[in-house]
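By written order: A, B and C. Residues from 1 in each chain.
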Amino acid sequence: MTTGEGPKSRSRTAPGRQDWSSWPHYDGAAQGFRGYWYPVTWSSHLTGKPQPFTICGEKITLIRDGGTAYALHNRCPHRGVPLSEGDQQFPGTVSCPYHGWTFDLPTGRLSAVITDGPGCRLTGKVSVRTYAVEERLGMVWVYIPLADEEPHPIDEQLPEELVSNPFVMGGRIEPRGGNWRFACENGFDEGHAKYLHRTALWRLFKPMPTWNVTRIVPRGRWIYRVQDEVHWEADFPGVGHWSNKRWWKMQPPKETFNIGNTGKADSINPTIEAQDFPGFASLSMPGVLRIVYPNFIHYEFYVPVDADRHNYVGVMVNFTEGWSTLRFYAKYLGAIRWLFHGQFSGQDAWMVDVTDAPPEKLYRPDVSLTSWRNLSEEEYAKKLAGTGADSSAEKEA
Amino acid sequence: MTTGEGPKSRSRTAPGRQDWSSWPHYDGAAQGFRGYWYPVTWSSHLTGKPQPFTICGEKITLIRDGGTAYALHNRCPHRGVPLSEGDQQFPGTVSCPYHGWTFDLPTGRLSAVITDGPGCRLTGKVSVRTYAVEERLGMVWVYIPLADEEPHPIDEQLPEELVSNPFVMGGRIEPRGGNWRFACENGFDEGHAKYLHRTALWRLFKPMPTWNVTRIVPRGRWIYRVQDEVHWEADFPGVGHWSNKRWWKMQPPKETFNIGNTGKADSINPTIEAQDFPGFASLSMPGVLRIVYPNFIHYEFYVPVDADRHNYVGVMVNFTEGWSTLRFYAKYLGAIRWLFHGQFSGQDAWMVDVTDAPPEKLYRPDVSLTSWRNLSEEEYAKKLAGTGADSSAEKEA
Amino acid sequence: MTTGEGPKSRSRTAPGRQDWSSWPHYDGAAQGFRGYWYPVTWSSHLTGKPQPFTICGEKITLIRDGGTAYALHNRCPHRGVPLSEGDQQFPGTVSCPYHGWTFDLPTGRLSAVITDGPGCRLTGKVSVRTYAVEERLGMVWVYIPLADEEPHPIDEQLPEELVSNPFVMGGRIEPRGGNWRFACENGFDEGHAKYLHRTALWRLFKPMPTWNVTRIVPRGRWIYRVQDEVHWEADFPGVGHWSNKRWWKMQPPKETFNIGNTGKADSINPTIEAQDFPGFASLSMPGVLRIVYPNFIHYEFYVPVDADRHNYVGVMVNFTEGWSTLRFYAKYLGAIRWLFHGQFSGQDAWMVDVTDAPPEKLYRPDVSLTSWRNLSEEEYAKKLAGTGADSSAEKEA
């Protein structure tokens, strides 16, 4: 009997680091990195009826009042009843369903207690935590603070090209099983796409490569995957030949070496130049993936719910205006939504749900994973230094 | 961003006691107070087939034999099989389904082991714990002992007026989520009824007050809520006006101050005088609520199952005899059962299930809660002193 | 109130040992004894598509390749994805679905990583644990090792008469709730059959005894139940009369004493002599029950899944060849499968699921249980001594 990586023999046959102790902040961020903006729900779904959400393990209620979205900690301080079970009794407030404790939406302050009359002594002296809210890309975003700090402007965190260019978009928000870090690592993972997605309908007529040589290139707050080599087939000695080429699929480019930045898009629109994107796929904190196609950019936001669940937010953006937006909507609703945001992305969801690491045994293409972990470790350390908050805040979260 | 009662800022913005350390017995009674009688099931539902129940975390089987109800610990000492899975092989006994261990119902003693023949040496030497049983109000009551003490007479624990007066009744036994203490506190809670139940069909034509001033008055082993003020509307500065008055509802009495005991019933029946009830709502150990209406008394018994579940036992009693009982049954089955024991009480069940305290932040009307906690703390301490049992018995339970 | 075996009074009224500390190996074997072969699935169900199983708490994937069955630890060392989610990309291998890590089935060695090309440096240096596999009785058997030892030959563990005699068989593999030890003890338990199965359709026309006197006789690696007395009815003083005799059932033999080996079968087939079986029921490690009927032998294998679940493997064997096998199949499919492996055995499953010991209070007929525990304790100690592995291996499992 041959032994392998069983409990007793692991250290013998699988050398090298297998846990995440090299990235302590990352290791501790099972419920997400605090100190960032996260997309929570579609703006069009938010009304005057409060709704409950969990982000980074934190229970939040969102409500719209007078056109503005507000976020409060979803727990009445009186007896712990979720405010999302309540409703609005007065403009600009939300009331707990149990005893009518009424909170001012902008400040969270207790502004009236219906069942204690106007003389209630707690009025103005008790409050629930509020969260900063913004609306971008048709979604409501909430800032989950490290401590009590002011949030940074959301536009500093959004992909730069989304801040001031006109665009049309389509997307999905989908609750998924598995830790958000597995989802994020899966998204940027250079190795899996070619193999896991080889059966995706999205790639029905286009072959996937067999293996690549990839570099990770940092630029600003993003890291990019740059393909140096793309191999469309391979002979594995003593095992066999493997290729995703098929007679009915398009012919791939000839075996290529040192292809440099060929993964990049030629042009997204007149104002966004291709050289802005040194690679096809890029990633930034707190878990934002950008895939640049010739005519679209696809984004994935991995939003931590708790240690076991996350929300997948997939958005396809076309930087265009006027009549040509119609072509985008037709394409999105007719194909992208079902093939790409649906079946293709469902294969990722399947893997994210069954991934179980650490322990793990990384291989060469996992440079994309370790680069991301390094990035997150550094960016988060910078943030902690910047806010004066120390890592105990993170642990408390 | 305004901070509120979030984890870090709680101590700053929400002064005062927020846990239950002032009431250590109450705090420890998550599974109920032992040393009391609890209603378990309807007498008419109990037959010769043993049935399983859990009361105060204790697994019990009930069975009727020769007209008498018996309660035994629901575990065969041989191999741990629940006796409620078995049946009766001989009169006056119950047999485990696995090997026919047969227990005498009155004493719990092993009276025969079918598969070991008449010479079985364990016969008479092993027994299962038995529980004292009584039948009152059409229900089977079981005494959950502190230790091995003799139970007090059940009539000492029942509401006094139920012991010797003739009456008719209707009721519900309903398993509910949430700790029994939340159910009990909710029942006596002065503050919630006016607001939570403002939409109850039971109050479709009668307005609820907006806020009251309430005193808690002890009398004997009961505490009573006495309304000193009732306010039917209120203006909350900077927030708005609130009232439950509606054009289609009856006009409430004029705004009243110092109304004294007006909450009390004028007369329940010739032998039960109104002055017996200094207030509309009263509460006694181990969690019995009494609401006195002019022609009925409504009772709620909050029966602990375990730390997360309780049984709601709601009973409506009319102190009458003869032909007029028909009028009661018509009224109960036609309306009370659906509107009061149904939808109205369902609103309470909803809140009990989502209450999550401590921590908590009490307000002025919560004097009803703290008075109840004080009562239970004192009564239970007296009981411990009386039986000679110490609080370790409680902890073990 | 009479007290019984309640928590506080147990030590007083139920003397004697109530836990399993006398059998430390047995007590520690909640997930099964390692160092044995276990039947996992039907050979005919195993194909080239890998399937997941759990045996002794160990996650395993089985796959058939070129006619041979293989077993691997069901976890890719890369990122923890179950290999049973993957498929075969090359003959003699299985590939992880995520990145195409490809493992050699006989050795478990990483033989190719599709997405890393032929130059992958981990190839040949990483492996997953493999398990020895055999096929017997139409089933795939896996050896769960204590440590890294070579497995003993499976034929040394199988019931001797199954190794070289021709036979036909029918059987069921059924996942069941409850610990495997309860299932095993139930199978050999002398006391329960007569009482629990008194209502089995399988015994519709044959009465069950009321109580027996039984000896346990060791022979080789088996222990046998030998009936010294069989009693068909009994009078329990002060309780009543009990018998399973009914007017429509066959008359049992006259009350018998000192019946010696009458429980044994007269002849199973020409080559298997009755004297090989000194009793009707016998048991061996690691939980194999043999019930000898005149024309059949029935076996039960209790296969540990984890501490709360086991697989029941029931097999009925007829030692015959040629045309008479048809008669067996007709009898098996027409009756045995439904009455014996179905309803009768379902009564056992019911008890195994609700048994909850220790604590326990054993009685005279439980000599069958304690003999089994003694046997397993001794056999397992011998095994540990033989392999040089110490009990820490067991604990780790």
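A few comments on the model shown:
We take it that a contact is a pair of C-beta atoms (placed from the backbone, for glycine too) under 8 Å apart; a residue touches a chain by one contact, two chains touch by 3 or more.
Owing to the predicted nature of the structure, the values given are computational and were not obtained by experimental measurement.
In summary, the pair subunit B and subunit C forms a contact in which the copies contribute largely different residue numbers, shared numbers making up under half of all those used. Rounded to the nearest 5, the angle that brings the Cα atoms of subunit A onto subunit C is 120°. If you average the Cα atoms of subunit B and of subunit C, the two centres end up 48 Å apart. Within subunit A, contacts with two or more other chains are made by no residue at all. Of all residues in subunit A, only 72-73, 75, 77-82, 85, 89-91, 93, 97-102, 106-109, 111-118, 120-122, 125-132, 143, 145, 147-148, 150-151, 396 touch subunit B in the complex they form. If you check the complex, the residues on subunit C that touch subunit B are 1-9, 13-14, 191-192, 194-196, 210-211, 231, 234-240, 242, 350-351, 354-357, 359-365.
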